[in-house]
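First chain A sits with chain B, and in the next complex the same chain sits with chain C.
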Partner chain A sequence: MIVEFILNGEDVSLKADPLERLSDLLRERFGLTSLMSDCREGVCGKCVVFLDGLLVNSCMVPAFKARGTEVVTYEGFKSTDSYATVERSFREAGAELCGFCDSAMYMAAGSLIDAASRPSEEEIMEVLSSVYCRCVTPSRALGAVRTALESSLGGKYGRAR
Partner chain B sequence: MRVDEVSAPQTMAEAVAVLKRRPDALPWAGGTLILTSGGAGDAPVSVLDLGRIPELRAVSRSDRYLELGACVRLATIQALPRSLSLQPLRDAIGLVGTATVRNMATLGGNIASRDAFMTCFPSLACMDATVELRDASGSRWSGIHALVGGDGRPAFPAATLLTRIRVPTAPWDAFALHRLGEPTKGDAFASTFAAAARFEKETISELRLIASGRTLARDRALELSLIGKRLPLTVKDVEEAREAAGERAIEAGFPARLAERFGAYVMSFLASVQEGGR
Partner chain C sequence: MKTARTSGLSNVGRLSDFPLLDAVYVGTVRSPASRGTIRSISVPHLPRGYRSVTADDIPGSARIDYIGASVPVLASGRVAYRGEPVALIVGPDRLRVAEAVSMTAVRVDEEPASFGYEACESTRVVASYAAESGSVEAALAKAARVVDGEYRMGPQDHYYPEPQGAAAGFDYDKLIVFSSTQWPFQTRDAVAQALGVGKDEVVVRTTELGSHLDGKLWYPSLLACHAAIAARLSGKNALLVLSRTDDFMYTTKRAPTLVSYRAGLDESGRLVAMDASVMINAGAYAPFGAALVERAAKAVAGAYACPALRVSALAVSTDLPPMGAFTGLGTGPVAFAVERLAEDLADAAGMDPFEWRAMNAARRGDPTFGVPLRKGSPLEAVCGRLLAISDYPRKRSSFELIRKRRPDPSSPPGYGIGLAFGPQRPAATLSYRDAQSPSVEVTLSKDSTLTVRSSVAPGSGSVTRIWKRIAATALGLQPDAVEIASPSTDGTPDSGPNAFSRRIGVVTRLIGSACEGLASKRFREALPITIKKTQRARSSRAAPESPLEDSSWGAAVVEVELDPVDSSPAVRGIWIVAKAGRLLSPEDAAKALERDAAVALGLCVAECLDLSAGPAEPGDFRRYGLWRAKDAPPIRIEFVDDDADPKGIGELAYSLVPAAFANALSQALDSPWNSLPTCRRSEGADRDS
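After this line comes the complex of A and B, so read on.
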């Protein structure tokens, strides 16, 4: 089937099997290797993308579901202000990532900054836990996101909504 | 799984028309369960993509209940105001996948599984949820137990769509939820236990004790025998409840060790109720 969607701001069209996974399409057809296709079960989180603004596991998105959607990968996310805020905050928090899942971690953090309402600490940890990262401690990742939220929202970020 | 056709109706009428033409069509909401369970063999499948039907994503509420379209995402339900008494359902949703999976997974997809009862089912059963089913002959509302066959197995009717779920929002005074294993892996021992109780003047006024996995175990006679009893329950009452729950689970086809676990959870829940359990 023909699958048409917006990818990192550009219209794309390709022929794909309806059940071909979006993670495979993005890596193999578009060369977007920032995302990994490891578990293919929605567990590791290393394949996350923004699909119509929601952070999802692209391995759980069949090609037919991508039709008519807007997909943003890490490559597209890197050009946003949210990325700059997240990257700086992780660096300042000393949250050093090994390079294997940092794209996914940054996008997870970015989804919290872009959220319509201020997330609670519990919600922050829920989202960050979507990415199976062994490099950074949960408290340090939480600290990085809190810094990012303070920076993007201005002023001191409260502990809970 | 091979797909020979993908239909993406924009209305329920169009969806029902597809089902009439292809009764074997596979309804696809979020699809997270379908993709993790591997689908249905090599025979070509017709996919019915429900994601573009607005009424299936609607959320509305009245004084007594919350009404959710079957394609409402689990993350959307989690984000509903805390003032809504949905704790049994929220707790169950919190056990499903990760936050990113819950951005895709839907409530309808979770409870319309044909192979086993998934995590949200027993919570909704505790809450006396009702479901709207639609097929070529029309739509009807049923208690969620209509999706349980006489043998305790899932009994989702063929050529039928789950369209809405109504969840009463009357609060429960005590609730417990335990999940063993991972239901999406086809683990024969994966199961979820849910219990809920209401009290009135130191008396149990409502009680639900439900275990589900590949089958569903619920002993309504046991529940009724404890409703009306004054707290604290006697040791004899709690012990008898443990035994009855375990026996009911065995009858429902639960493996012995899971049935024993169900009994233990029942005992634990009733013990917490004794202590004020709120």
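After this line comes the complex of A and C, so read on.
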């Protein structure tokens, strides 16, 4: 089967088995190693990508579902303003990670920024917890995302504009 | 020895990112039975470019002998656990290798297997440690109160960020092995032994470890041998990465531990005698068995003085996969047990738990494991602050009133607060094949850049910053001028295993010392200058030292409230105060301890694994409830000022939080809770693994 989609802003086309995992395609065919192929059961979150703007576990996406979509991996996310905001906020909050989960955690945080809403603390932690990481200090990660949201939404986070 | 030149062997960050150009994948064929004799291994006809590897193909020694046990590289003749590697399939396509593995039939004449460890035969005891000081029987006979307790901690998974694996390939006449190992020199020696070559013909480069919780201490060496053999026989780069499910089922887990006590108190509540036994289910082959029992035994008295003490610790080999280290290597379950016992002893004495601890904490000159303690435990300093910030005394009293005065005694009180206090022993060496002389090297180059070399990786940005700052300050450089070399057995000296707070307790000090030595030579000798510093092993003739000497100390309070509908515990807060020497980076230390506290709590309430009926199944991984960041309660961390040398804090939360949580839960339920994780109770915690 020919699978055509937009990958990090570029049109791509490749031959793939319909049920081949999107995570495997991205890692092995395109060399996009920012995402990890770990649990392969949609549990750990280390393979997240944006699929038509939605954060998904790419290990649970068969190739045929990717046809005609827009896929953004961490490599593509790094060129966005959201990434710059998230990276700076995590660094300033001292919420550094171990190097395995950074990409996924940043993208999870980025999804909150891109949603341009004002999520509660519980909602923020729910999204960040979609990535399983033993290295994260929860309060620091929460603080980093709040800072990032304040920065991107303008004004003090939580206050109506 | 094959000398094919291969490519793509520059440093690799993550093992799973190993370059796959002209590489082969390695799949593992495993024993389907827990115990028995291999009758046959039937490999399907393999396509061109694929091959199988059995024990007969191992060029060198068929067993790894460097970890206190003798572990087969590939099982031959007999199998000792379900999932034990018996053969490898090697080939260029990952999916076809997996297919061939699934089609390979291993027939075993199966024998009855034993997974429990309490009713064990003496022949299955693989390591033991016993010690006695004072007259325990006489003291117990005279004691005003005698308390018995039994405490258990079950197996758990380390769930490090990358499953275990290894990669190997030749660079001219050297075999380069990439391994996410805590102990690269041990891995090198194991691979050299398996290939039958000299140690100088093997180079091990450490890949990123992430948060490993001591789960990558020795098992990576076995996988490194597999990758190395595959590279040797195929002449290509070889990559072996376990799936997360296979890693969960077959690699080492926290060894299930049972700790039993009989303790005696005098009329005033003072501890006068303790008879303790520790049983550790070490699984097959029982690597590190000797280290586990010794460390567990020396932790049985916790922070408390006890004039008459007897301890017996046994590591038992069972037919489970090898069980092993978890942060603390044997001390975590015992720390949980002794702090639960402290609560039970306080209750028997009719005393407040803190008051009991204050009475019995080891002071200067008190006997601890038969040896007088030179510096007393800092209970007042640590707990004084902790009680203030947690409001423990008031809450404890309030919850006791609720407990005693609740109208329906059949319903749990619902509120509890628990305390735990204890040490983290100083950076230690293992009993065997450890660098008895861990070393660090620093080199100042002509361009005024400094390179620090250690086989122990910093492992985090905060430790990297600390090392760079120490080195830069000593030499008047900018931190950017300091480079930390990636651990490699051909490029860094042997600093021993990356365990037991070696980064802070040993390597940091050696870096400082080496840089001071370099500073004194800098303007007197031509550059480049290299200084090597080595920590000498403690002389065997030195006077015995208390196991509590030079410890870092901590105390934790956990507050619990039960859900009124299903009585599930919700943690309302965790407070930890620690005294750990001079803090090299207070902010990073607080961050690390907060993170550890959150993970330690998660290990108490979730992450259950029941191996009483046998090794893990794939479904156990799906049911293994991983703790998530959203589940962390408010956590407050403080440190007590201390101008002693910096000490490690990496084990404190894992020693203190479980006991404090169980103490809180016991009050909230008005029933002792002596087994962790909590979900084990419903699985039958009275079973023996």
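Criterion: the second predicted complex is superposed on the first by the 157 of 161 C-alpha atoms of A that agree within 3 Å, B and C clash if a C-alpha of one lies under 4 Å from a C-alpha of the other, contacts with A are read in each partner's own complex, and residues count from 1 in each chain.
The rule is short, and it goes like this: a contact is a pair of C-beta atoms (placed from the backbone, for glycine too) under 8 Å apart; a residue touches a chain by one contact, two chains touch by 3 or more.
Predicted model only: the values in this text are computed from it and were never measured.
After superposition on chain A, the partners chain B and chain C are seen to fit next to each other with no clash.
After superposition on chain A, the vertex angle at the CA centre of chain A, spanning the CA centres of chain B and chain C, is 90 degrees to the nearest 10.
By the touch criterion defined above, A:Ser129 reaches both chain B and chain C.
Contacts of A:Gly99 after superposition on the shared chain: chain C is touched, whereas chain B is not.
Of the two partner chains placed around the shared chain by superposition, chain B is the only one that A:Leu19 touches, whereas chain C remains out of contact.
Once the two complexes are laid over each other on the shared chain, residue contacts for A:Ala84 go to neither chain B nor chain C. In the superposition on chain A, A:Asn57 makes contact with chain B only, while chain C stays out of contact range. In the superposition on chain A, A:Leu153 makes contact with neither chain B nor chain C.
Residue contacts after overlaying the shared chain place A:Glu41 against chain B and chain C alike. Once both structures are overlaid on their shared chain A, chain B and chain C have a minimum Cα-Cα separation of 5 Å. Residue overlap on chain A between the chain B contacts of one complex and the chain C contacts of the other covers 41, 43, 126, 129. Residues 13-14, 16-17, 20, 159-163, 208, 210-211, 213, 243-245, 460-462, 587-588, 591-592, 594-595, 598-599, 622, 626, 628-632, 634-635 of chain C are the ones touching chain A in the complex.
Across the complex, chain A meets chain B through its residues 1, 17-19, 21, 41-43, 45, 48, 54-57, 59-62, 64-65, 67, 108, 126-127, 129-130.
For chain A in complex with chain C, the touching residues are 28, 33, 36-41, 43-44, 46, 94, 96, 98-101, 122, 125-126, 128-129, 132-141. For chain B in complex with chain A, the residues that touch the partner chain are 1-3, 6, 8, 28, 30-32, 35-36, 47, 49, 51, 75, 97-101, 103-104, 184.
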